[in-house]
Amino acid sequence: MKFIIAIIKPFKLDEVREALGSIGVAGMTVSEVKGFGRQKGQTEIYRGAEYSTNMLPKVKLEIAASDEIAAQVVETIEQTANTEAIGDGKIFVLELASATRIRTGESGETAL
Amino acid sequence: MTRSVLKFAVLGLGAASIAQPAMAAVPAAEVVAPGTAYILNTLLFLIGGFLVMWMAAGFAMLEAGLVRAKNTSTQCLKNIGLYSIAGLMFWVCGYNIAYPGFAEDSLGLIGGFTGIYSMQDVGTADTETGYSVASDWFFQMVFCATTASIVSGTVAERVKIVPFFIFVTALTGLIYPVVVSWEWGGGYLDSVHGFSDFAGSTLVHSTGGWAALVGAIIIGSRAGRYGPDGKVNVFPGTNIPLATLGTFILWLGWFGFNGASQLAMGTVGDVSDVSKIFVNTNMAAAGGVVTAIILTQLLYKKADVTMALNGALAGLVSITAEPLAPSVGESIVVGAIGGAIVVFTVPLLDKLKIDDVVGAIPVHLFAGIWGTLVVAFTAAPDAGVTFMGQLVGVLLTAVWVSAASAVVWLALKYTIGVRPSEEDEVNGLDKAEIGVEAYPEFART
Amino acid sequence: MTRSVLKFAVLGLGAASIAQPAMAAVPAAEVVAPGTAYILNTLLFLIGGFLVMWMAAGFAMLEAGLVRAKNTSTQCLKNIGLYSIAGLMFWVCGYNIAYPGFAEDSLGLIGGFTGIYSMQDVGTADTETGYSVASDWFFQMVFCATTASIVSGTVAERVKIVPFFIFVTALTGLIYPVVVSWEWGGGYLDSVHGFSDFAGSTLVHSTGGWAALVGAIIIGSRAGRYGPDGKVNVFPGTNIPLATLGTFILWLGWFGFNGASQLAMGTVGDVSDVSKIFVNTNMAAAGGVVTAIILTQLLYKKADVTMALNGALAGLVSITAEPLAPSVGESIVVGAIGGAIVVFTVPLLDKLKIDDVVGAIPVHLFAGIWGTLVVAFTAAPDAGVTFMGQLVGVLLTAVWVSAASAVVWLALKYTIGVRPSEEDEVNGLDKAEIGVEAYPEFART
Amino acid sequence: MTRSVLKFAVLGLGAASIAQPAMAAVPAAEVVAPGTAYILNTLLFLIGGFLVMWMAAGFAMLEAGLVRAKNTSTQCLKNIGLYSIAGLMFWVCGYNIAYPGFAEDSLGLIGGFTGIYSMQDVGTADTETGYSVASDWFFQMVFCATTASIVSGTVAERVKIVPFFIFVTALTGLIYPVVVSWEWGGGYLDSVHGFSDFAGSTLVHSTGGWAALVGAIIIGSRAGRYGPDGKVNVFPGTNIPLATLGTFILWLGWFGFNGASQLAMGTVGDVSDVSKIFVNTNMAAAGGVVTAIILTQLLYKKADVTMALNGALAGLVSITAEPLAPSVGESIVVGAIGGAIVVFTVPLLDKLKIDDVVGAIPVHLFAGIWGTLVVAFTAAPDAGVTFMGQLVGVLLTAVWVSAASAVVWLALKYTIGVRPSEEDEVNGLDKAEIGVEAYPEFART
Amino acid sequence: MKFIIAIIKPFKLDEVREALGSIGVAGMTVSEVKGFGRQKGQTEIYRGAEYSTNMLPKVKLEIAASDEIAAQVVETIEQTANTEAIGDGKIFVLELASATRIRTGESGETAL
Amino acid sequence: MKFIIAIIKPFKLDEVREALGSIGVAGMTVSEVKGFGRQKGQTEIYRGAEYSTNMLPKVKLEIAASDEIAAQVVETIEQTANTEAIGDGKIFVLELASATRIRTGESGETAL
């Protein structure tokens, strides 16, 4: 199994979620994060003093997926979240050693 | 100008309104019976008083919106506490110091320390004064509280609660009342220099501003605020709508602050003047807002909302020393220059590494000085206001308030200490001094 | 004391102000023409009325700030809904129950149920009463709403919207008006016991407090609030600035609540009394704040901002039963003891596992009882106020309001149910009953 | 009805109040001296004026609570800016356009463009008018600002600051004043059609509403708001307590809006009417709230708090065209229908893909039309109000405001542009135009 | 070592934390997240328009644990967070390559 | 590649970010979290009732890094975030199986 972490632009969230739903991803966990990367925030002026807001709002998705569909998940995110503009985000894939569904105690792929 | 001084009232405005109906010259359409005038004068103090009391909430919201979230609960506590202390101290000794009834031949510098102020008895009216003394006391008291509110914004986020409250006690019980005694109490500035400060650009706002400035210097800046090579680290406010709300509250309260400083509405002339004050006050604030928006847009290509808020307040402070005499156009200009002062001096203070969290020094001190000096030009020609007289008032206030504030802040610094430990400051005063976060996370849990 | 009763007005204060100019004894400086007095009396009701109306916003903000975020939208809805229902019910039957015009020989316990209250016609004035009856009605109505606001804070986070609104309907249409009829309506407490409650420490605040207390007991505590071995689980408020704002709003509104309860400002004596009430009201609140800050600082080594806010309110409630007669010093003490009551009884309620989300029971009920009883000592000596008379008022209110509230809460509990399902409570009422989060995450999206 | 027109005042109400004491018919209990009446009339304008000024804060909070967090700072700036611009423009030309003093034989359609409005001199009273003209000007000015506030809510989140402020300049300097001139200025609608709009359901609220509607259509909806197949994407408000606070502020301000539109309280009859207006205004709002709660509960099984808030406002708008003549019961019904209109038309606008962020079109335009038309039935029978007359007023306002607004919005669209770039809109206007987030994350840092 | 990520219902947080404390877990990191899964949010109506709130508030725990106690950690969470209702959450286990305590520079299991 | 998760004290964020920038880390993702560990929060009193705030505000950094610089990243964080006081935080390193840049579809180390 794989644990997929994707950082995307916030306004793409709904679209990505729907696209993932349509390829059979049943669950995911979402959080608001700030991203720091090549996409630079503007230098803002607040009360006459400059500051750089190089932390940009992003959304993080965490998706546990079986090995079979993991590649498809990555591809779907890549396609849906892509705006061809800098700052579109990244997808990281880690190995997932085990998964358990709390309600039933099931583990492994059926727990996803 | 003396102001609502009980002891002088028989000779002053109270007398005027009582005497009026007897004056053969008053046209029929303007006659107001003395009992009615008494009620209306009192009502002006009451309405003005509750509007200025409401400004305490305005300061609380403005400051709560501009400090970092980790210090927000503390800022709320400081604001409700200072308003309470100001009321108590003004009763314990403040009012009697402010209105000492200087002897005829006195220089009018040192007033009386005669202790607690006693209201008159229930059911009794004060027909000699032409208004209820309790209503006057209430109105004066909320001005005292305003002075303290100004300080809390500047020195936010790095002063412990207890020393802050001790400073407020000294400010409202002694420092502010002495300034008032010189002018509204009929003392030195009023009698010797013809100084004019209608509603307190100097007496209230600059006094608060000097106390804040001296405090900011003695206490130092917030940890990490100024980097090594002149770098200013920005700590953005955490709740802009609250800061906006606070500004609107202050704007509303200012109709009471300036309007009721007419001190009477028992004659058709007085109430007409109150009306003009409302208009001028509003328009000066509007001028300040528009100027701040245009300037930040031009200078920085963005409109800084916090500067617009400060601009409104600077406009209000600027017109406070003379909100009646100027034409509407002049009022707009006076306020607009106030707004410009803010836009230019906020970064200036940062250059000097004077850390003013909410911009109270530009708003209340710099715009207050501007507003006071310009009275020399906007006042009625026959009012006898001179630039030198105004300057003396500004300077005397500067000297006394700075010196007295420095003594108190330094005494606190070298005894119980003013600042929290660096660790407490980094973790936030809410954690160190209150124990309650303003906006706890996991609040949905 | 009867209060603004249309039917008695000819004999009451209205008559006084009308009659006055005719009284040979009135000195020239105090003469007010009857038409003018009429306008000023009415104006007092209108200003007092809109200030007390504004308290509805104060309760809304205080409660929105102290509940958990998942119940905040619900709390907002409850507050705007209860204010609306109170107005409607006070018109449908409340006012006429409250002011029934008891027959001379009646015991004054059971008033009239004569239905809808009709204002007088357009353009008509009510010169017999000495004020516009519509202004009086408006002022009385907002008091009724205040009573309901008190309840909503205590039973927050665990009562469904519909049963809550049904309870409010009963409280504002019947339970509160009956209490009012006994005293301000000239009934039993007023005529038989000389009970004195100037602006409603008992009639408004204790009534709300008893209804809240009985509600809290019958409904039970919030899920998970009290652990097995006496452990109290703390659910901190989610927005301290809002709670602070709410307190300032209430403080402001209280000038209307107490000040306009003088019921007249058409004479120089009345307006002077209103002024004294403003001062005493403010100072009692200040006393409550300072006491709460000092006590929590001493007891817990931190200053609890929510206790300071409650302290202000407790000071205000304490002085409400008699805000005119005490000296300023006495008012401070009365308020300070109110503040102390809060600091000590908030944890006490937790020990008894009575779950009062915002501290309304200590503030409105306990401080209300204290404020009512102390009138025996602060009232004017010739006012005929006795400790026993006050106690009877407190007890009669306790019995009636508790019993009536218990009947309504229990009826609701065993019919449509009062509480949400445990799951709904855990997920928050906003999800279960409103469908809109108060502060949605991903709001930046 | 002409309204407080200086030039007509000698023949109008001012005259009435001055003349009154001379009228033999006035009973002794109703006599008010002319000087006193002058003060009281002026005071009504001042109190009404500051209450309506406070509504600017209400709109700011309501809108700040309902937009997405990424546009909140911008919304705050727009609101304080528009209030300021409205004041300036009403002085530069607005007031004189609104009250041109139409010649006797003029059709009353095109008023004067005589430039800046000058207040009278200091110390001078305007005894001919029966009130201070500055107080009247202040009161009229805040109405002008209200009109602009309405627009900002509808077109929020997708209009750049500069074009928005330019539109406000046109609206407050020209479009609104022309509408006012037709009715309160004694022009066409007043003199030819007997149109009646007591406090501005049409003049203020519909005018704002039409400007908003036309703006929403020309500007288009927020990016992503309407999906391809009729899907409405919901962007929930981000701060329900703020929206609630805003509504309570507006409700409070409305007592000034409607109550002081009586334009006089210098007679016992006038102040009694003001009192009735307070009651009716309050009850219409209560009717709107309760209706919205019941309807959403029935339709959707949940009580939508934002609809309840809109319901209050719709009730208030509905009663504004005639808050005096109806009985309390009628007022409740008028307000309740206003509340129902909101519940049904908010989704309707979405069907038409007209994107109204805060519901200002249903509240101010639809309920404003309803409130204006129903006057034909609720007005006093001898008032000469006809349904056709009301309809003409509604339609003429519709045509002029829509056309003029369209011209301005289109001119802006095809010159400097109205909307931000799509990227800026997605990232939020706060980032693009202000540079300060309303609620920065990491605020705890 | 293992890096355990658990998604649970918010109101279970205190209980789970205490249970973990009692089996010797000395530290963890907690964040608020939104979950998307089989547990569907209701369809809500906001101002007359439907929207589905299928993102439900959850709490995410991150716990680095030694291999020995990892299984016990999973089991404890599973038991304590279980309400037998849909949406109780998941437990994911990843391999943890290294752990360092910033204060001391210690690494490995002693750093946990 | 490595996926590095660091928990640090909030006020150290700027310093750490700058230090990482200077060793060539081009991107990272940041979030606000609460930490539970040896550093105990005080026992606070809220309205007369005790409660322990043992959840302390922390900041979490997530950094995907190539194997070469991973060690240096850890070291840099360790040095910069260190205040020698309890609660300074932890650094966890996991194996990263793959990384993709959404904008370009690049994957592997060039995607970081």
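For clarity, chains are labelled A, B, C, D, E and F in written order, and residue numbers in each chain start from 1.
Heads up, the rule we're going with is that a contact is a pair of C-beta atoms (placed from the backbone, for glycine too) under 8 Å apart; a residue touches a chain by one contact, two chains touch by 3 or more.
Computed from a prediction, not measured in an experiment: that's the story for all the values here.
Between A-E and C-F, more C-beta contact pairs are found at A-E.
Both chain C and chain D derive from one sequence, and where they touch, under half of the residue numbers involved are common to the two copies. Once the centre of each chain is set as its mean CA position, chain C and chain E turn out to be 46 Å apart. Averaging C-alpha coordinates per chain places the centre of chain A 52 Å away from that of chain B.
Shared interface positions of chain F, i.e. residues touching 2 or more other chains, are given as 11, 30-32, 34, 44-46, 55, 57, 85, 94-95. Residue positions 33, 36, 43, 47, 233, 236, 239, 245, 300, 302, 304, 306, 435-436, 441-442, 444-445 of chain D are each in touch with at least two other chains.
The touching residues of chain C, when paired with chain E in their complex, are 224, 233, 423, 426, 431, 435-436, 441-442. Of all the residues in chain F, the ones that touch chain E in their complex are 2, 5-8, 31-38, 55, 58, 60, 74, 77-78, 81-95. Across the complex, chain B is touched by residues 11, 14, 32, 34, 42, 44-46, 53, 55, 57, 85 of chain F. Residues of chain D touching chain E in their complex: 232-234, 236, 296, 299-300, 302, 304, 306-307, 343, 346-347, 350, 359. Listing the residues of chain E that touch chain D in their complex gives 44-51.
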